[in-house]
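Order of writing sets the chain letters: A, B, C, D, E, F, G and H. Residues in each chain are counted from 1.
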Amino acid sequence: MELLVSVVMGSQSDWDTMQETVWMLEKLEIPCEARVLSAHRTPDALDEYIRDAEQRGVEVFIGAAGGAAHLAGVIAAKTQLPVLGVPMESKALSGIDSLLSMVQMPGGIPVATFAIGKAGAINAALFAASVLALKYEKYADSLRGHRKQQTQKVLAIGDPRQAAKK
Amino acid sequence: MELLVSVVMGSQSDWDTMQETVWMLEKLEIPCEARVLSAHRTPDALDEYIRDAEQRGVEVFIGAAGGAAHLAGVIAAKTQLPVLGVPMESKALSGIDSLLSMVQMPGGIPVATFAIGKAGAINAALFAASVLALKYEKYADSLRGHRKQQTQKVLAIGDPRQAAKK
Amino acid sequence: MELLVSVVMGSQSDWDTMQETVWMLEKLEIPCEARVLSAHRTPDALDEYIRDAEQRGVEVFIGAAGGAAHLAGVIAAKTQLPVLGVPMESKALSGIDSLLSMVQMPGGIPVATFAIGKAGAINAALFAASVLALKYEKYADSLRGHRKQQTQKVLAIGDPRQAAKK
Amino acid sequence: MELLVSVVMGSQSDWDTMQETVWMLEKLEIPCEARVLSAHRTPDALDEYIRDAEQRGVEVFIGAAGGAAHLAGVIAAKTQLPVLGVPMESKALSGIDSLLSMVQMPGGIPVATFAIGKAGAINAALFAASVLALKYEKYADSLRGHRKQQTQKVLAIGDPRQAAKK
Amino acid sequence: MELLVSVVMGSQSDWDTMQETVWMLEKLEIPCEARVLSAHRTPDALDEYIRDAEQRGVEVFIGAAGGAAHLAGVIAAKTQLPVLGVPMESKALSGIDSLLSMVQMPGGIPVATFAIGKAGAINAALFAASVLALKYEKYADSLRGHRKQQTQKVLAIGDPRQAAKK
Amino acid sequence: MELLVSVVMGSQSDWDTMQETVWMLEKLEIPCEARVLSAHRTPDALDEYIRDAEQRGVEVFIGAAGGAAHLAGVIAAKTQLPVLGVPMESKALSGIDSLLSMVQMPGGIPVATFAIGKAGAINAALFAASVLALKYEKYADSLRGHRKQQTQKVLAIGDPRQAAKK
Amino acid sequence: MELLVSVVMGSQSDWDTMQETVWMLEKLEIPCEARVLSAHRTPDALDEYIRDAEQRGVEVFIGAAGGAAHLAGVIAAKTQLPVLGVPMESKALSGIDSLLSMVQMPGGIPVATFAIGKAGAINAALFAASVLALKYEKYADSLRGHRKQQTQKVLAIGDPRQAAKK
Amino acid sequence: MELLVSVVMGSQSDWDTMQETVWMLEKLEIPCEARVLSAHRTPDALDEYIRDAEQRGVEVFIGAAGGAAHLAGVIAAKTQLPVLGVPMESKALSGIDSLLSMVQMPGGIPVATFAIGKAGAINAALFAASVLALKYEKYADSLRGHRKQQTQKVLAIGDPRQAAKK
């Protein structure tokens, strides 16, 4: 099976958040792989991985990191494929450091940034799907299905007082 | 000529920043159009515009707004095409309000967010190009050319002391 | 019984906070209803609900949402009735994102914003009462009663050292 | 002529911002008056003014202050009429101090807070109109007219590139 | 016994923090009393209490409140005795709102502000002592004793590794 | 003439702000002196100055500094007289760094902190007066006069619209 | 054995974080000692300790403190040896106060600042090693070994999904 | 002449700030060179430069960047020499983004961070001198001279009122 999305995270501790990305990509049947690679502790292996992943057909990179979160920016410096960034909720500063380190990229090398933590992890997957859907009709269908479902889920609640009793 | 990118902004005063997006798209020869439409003051016209733009072939939306910047999120609620957000530098809070109102979208409806102000405006265009490049080879070429050029520009500087004298 | 206040929240998880609003409205004997509807995941149902609620006699809307909290602003874009906003305490950023996404509305479409979390939920109810009290004398009475009571409660404490022993 | 809205500000320097409130109220033909009174420097005169204004028929108070902005909260402690707050853009902290000092009122005494600076000043007037419109049909009409007008203004722009040339 | 310091707090829930103030004042043998009174919910009782306390000989007021923390400022508006403020750690914003609402008083009415939470509660007591020590020699002695003791406590630790084992 | 207040600032550039302190002290006829001394660049001279000033009769210290503003804390570590701190408006961070470096003193060594910039500079002088007024009746009189005057000034404005025309 | 690094912290409660510094220095076989000394509560003992440590051969100081974290700056004012600062995670403000109080030192007296909390504690040790490695070849070797090891650790993870199962 | 310090900045626009670093290094007679190289736009040239500089004898790197400021971290990932970081004052967020992107490096790869803007630029040079002074006695002398001079400069001011008149 061809590979389309690569999900790279700076540390194993990011997996708890980033499994949401992988789960959503799998739900949408988009082939993906996940790797732990650090822009700071393994810069050479990261370089090599990016080149290799691109050759193996990856079309979208998702980078997740916390604190001084350089990973997504460093990936974007090495490829011109779309790079999506998910800022991790950091211990002291709750991810505001991760967010600013990602989203404030200087003009020239973009990182498409999503919300801090799990909401961002889910949305990076959905956004990757919307990008791939432009080219691969079947992902447009998966996405349409998913969005219909999520609309239904909200509508099914109605009155929160009743829902709370269930 | 086909239309690929729609650049929507909440107010005419955003144009000073967002012309950077349009200039970059034009430089990369990506057909685009720009509109002033407000999520709050013209919600119905916005709805209609999104539907119409999608029918006219738009594949990527870029939404720019400041303060309680709902525009990109409201567009993303109405289409499943990729929606990119550029937070405007706001008067009192320098755009931190615009940034958080865009990037912190709840799980389910993603907005790919870029830096506050002109850096974000340029990067939204470059990111749109990287998305379209997956499908249209010619934009991969434009992007490759642009990135080579921007690398050359930095390398041409060398010693900033010398450059400052020029 | 006529309906006067509609309390809309973006997700069932907001109910824990927003039940304070409903409890206070009920304490003041102001007829209200509560709904879960999302500006992003159910935009069309939200539109329809606003129109319908207005026809059923709603005079005040209260919107509660977290993160990129667009709900109250989107309601305010669709009605000219008073719209009150309660920013939810968000996971990573403690609600500062929710607050700024609500209160920083651009000139033209106001959202009356209250404190993050339960204090705001209570105060939105009390403020709705003060608005309705202008027109319906009986709510002026309920409000007067409530405020007298809350003053008495504080005065009953006196010395916190003694109170702590009880 | 009857008086309906009282606009109180903590210092003459707030007038530059708060004249937007008065202009908008006048545009909507809502009778109002403006006063400079400080919660800190003139507490007794403020008390007296609130009591007096209420007797002269004021139905909505708008309080504007900057820094440790207590004015609106202090008014709200003395009346149960709706109190609206406009946080002034402060010198060092750009109004984030004014905003938090207003919006974070503890449960029990609400202040309906609007955006920092001129956007908030305009919106406080529009919100006051929406409150009064519940009781006085003619203000519902003024408001309807104003909102139609402001929608037209945005729609008249269309393409920002063309508009910029005018 | 004469009364010298009055410790006022906005809510019984502040007592957990403010008992540190009372404990320290008692340790330094400075006669004090504590009261729960709210600037917003009991404005008249607060006014009366300030006047009365002043007549009973209070020379320093300490005001503690959280969120939109107006209490100390409102006391300072009513007396020209030194007013000290202790910002409470608030639920959502950790006390940054309480701090700014206290410390950012406009020129004319000062509130001497201390750290958020227990450190501030202790320091308000110590500062009150330093103020009273100018006039009452015995408090200069208590303070001297306390500071010597606290220096000894730190010096007794020496190597933290050894201390951690005890 | 005896000396009562010492105003120390970390740099000559703070004088523009701190002259407000000196002007107000002079207006209230409180004898004071001003010195530029840095906790970091002149630690020994600062130590010596504090000891000397104390011997010359200083009863209140006011310390002003910006950025990592340690000056007031370092003075407070060396004397048990009341130490007041005025955070300077810093270049990049507008004084939020100065404020936190002053107000967040750990329990044990208090610094009474005032607003960032000129408002804080004025209030430190007024607060010093309120402290000295406990012991010296004449400063209670000066302070009473000043506060009456400042109340009159606000009351003289009345309607800001009229005042703006003058 | 000669002493090269002195680790000073403002309170015993900082040890939980700062033992990471000591552990890392020991792992790299760099001789160090740790002391609890407060810039505010023990200024004279701190002065004496710095002079003494310098005479006993210390070449690098590491200062750790929280809140208004003056310790590292005060050390840097007394020695021209390299001073490294580790901001402690503070209770209310999560260490943003500690960080700004350290890093924003005015021009003239530098403090090399690292991340808030444990990451900073580890990095201060590693940075001390990189400084000493310029002069003592053996620490260059220890550092090289440590970095190789940490790279291997990340590379050993590979796929986080697999790693999570272990 | 041997080369000891390399000053790298992400853009020519950083030179206005970073010339302070070069001026100070030159004043202290420490041989240095300056280069414009971007972690994002010229990653390969940066890699090569770091390797080359190290071979030409550089012992300390100083990296300056703004916004999502990855430059210093990326250098630190490639060398184990001491890396110093100077956060640039960014347009919208005044450098708080640059600061957090630098200082919050995860454990393992340290960047010694200094103040935002010119104060940081000066201090990075002084800190580099303190590091080199451990190995090269002559820089200990230069540094001693500089610090004496800067102490004298402050002491020469004395009374700021007099100084302001000059």
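Here is the rule we go by: a contact is a pair of C-beta atoms (placed from the backbone, for glycine too) under 8 Å apart; a residue touches a chain by one contact, two chains touch by 3 or more.
A quick note: this is a predicted structure, and the numbers were derived from the prediction, not measured.
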Can you list every chain in contact with both subunit B and subunit E?
C, D
Please determine the option from C-E, D-E or A-G whose contacts repeat those of A-H, over half of the contact pairs being identical by residue number.
D-E
Angle of the C-alpha superposing rotation, subunit A to subunit D, to the nearest 5 degrees
180
From the mean C-alpha coordinate of subunit B to that of subunit F, what's the distance rounded to whole Å?
48
Between subunit C and subunit D, tell me the centre distance in angstrom, where each centre is the average of that chain's C-alpha atoms.
19
So the centre of each chain is just the mean of its C-alpha atoms; given that, what is the distance between subunit B and subunit H in Å?
34
Contacts with two or more other chains, residues of subunit F listed in rising order:
11, 38, 41, 67-68, 93-94, 96, 103-106, 108-109, 111, 115-116, 119, 147, 150
What part of subunit B is in contact with subunit A in the complex they form?
20, 59, 80-84, 99, 103-116, 118-119, 122-124, 126-127, 130-135, 140, 143-144, 147, 150
Can you tell me which positions in subunit D touch subunit B when the two form their complex?
89, 94-96, 115-117, 119, 147, 150-151, 153-155, 157-161, 163-164
Which subunit E residues qualify as touching subunit C in the complex?
9, 11-12, 14-15, 18-19, 22, 33-38, 41-42, 45, 67-68, 91-94
Please output the residues of subunit D touching subunit E within their complex, sorted ascending.
10-11, 38-41, 43, 66-70, 73-74, 76-78, 90, 93, 96-97, 100-106, 108-109, 111
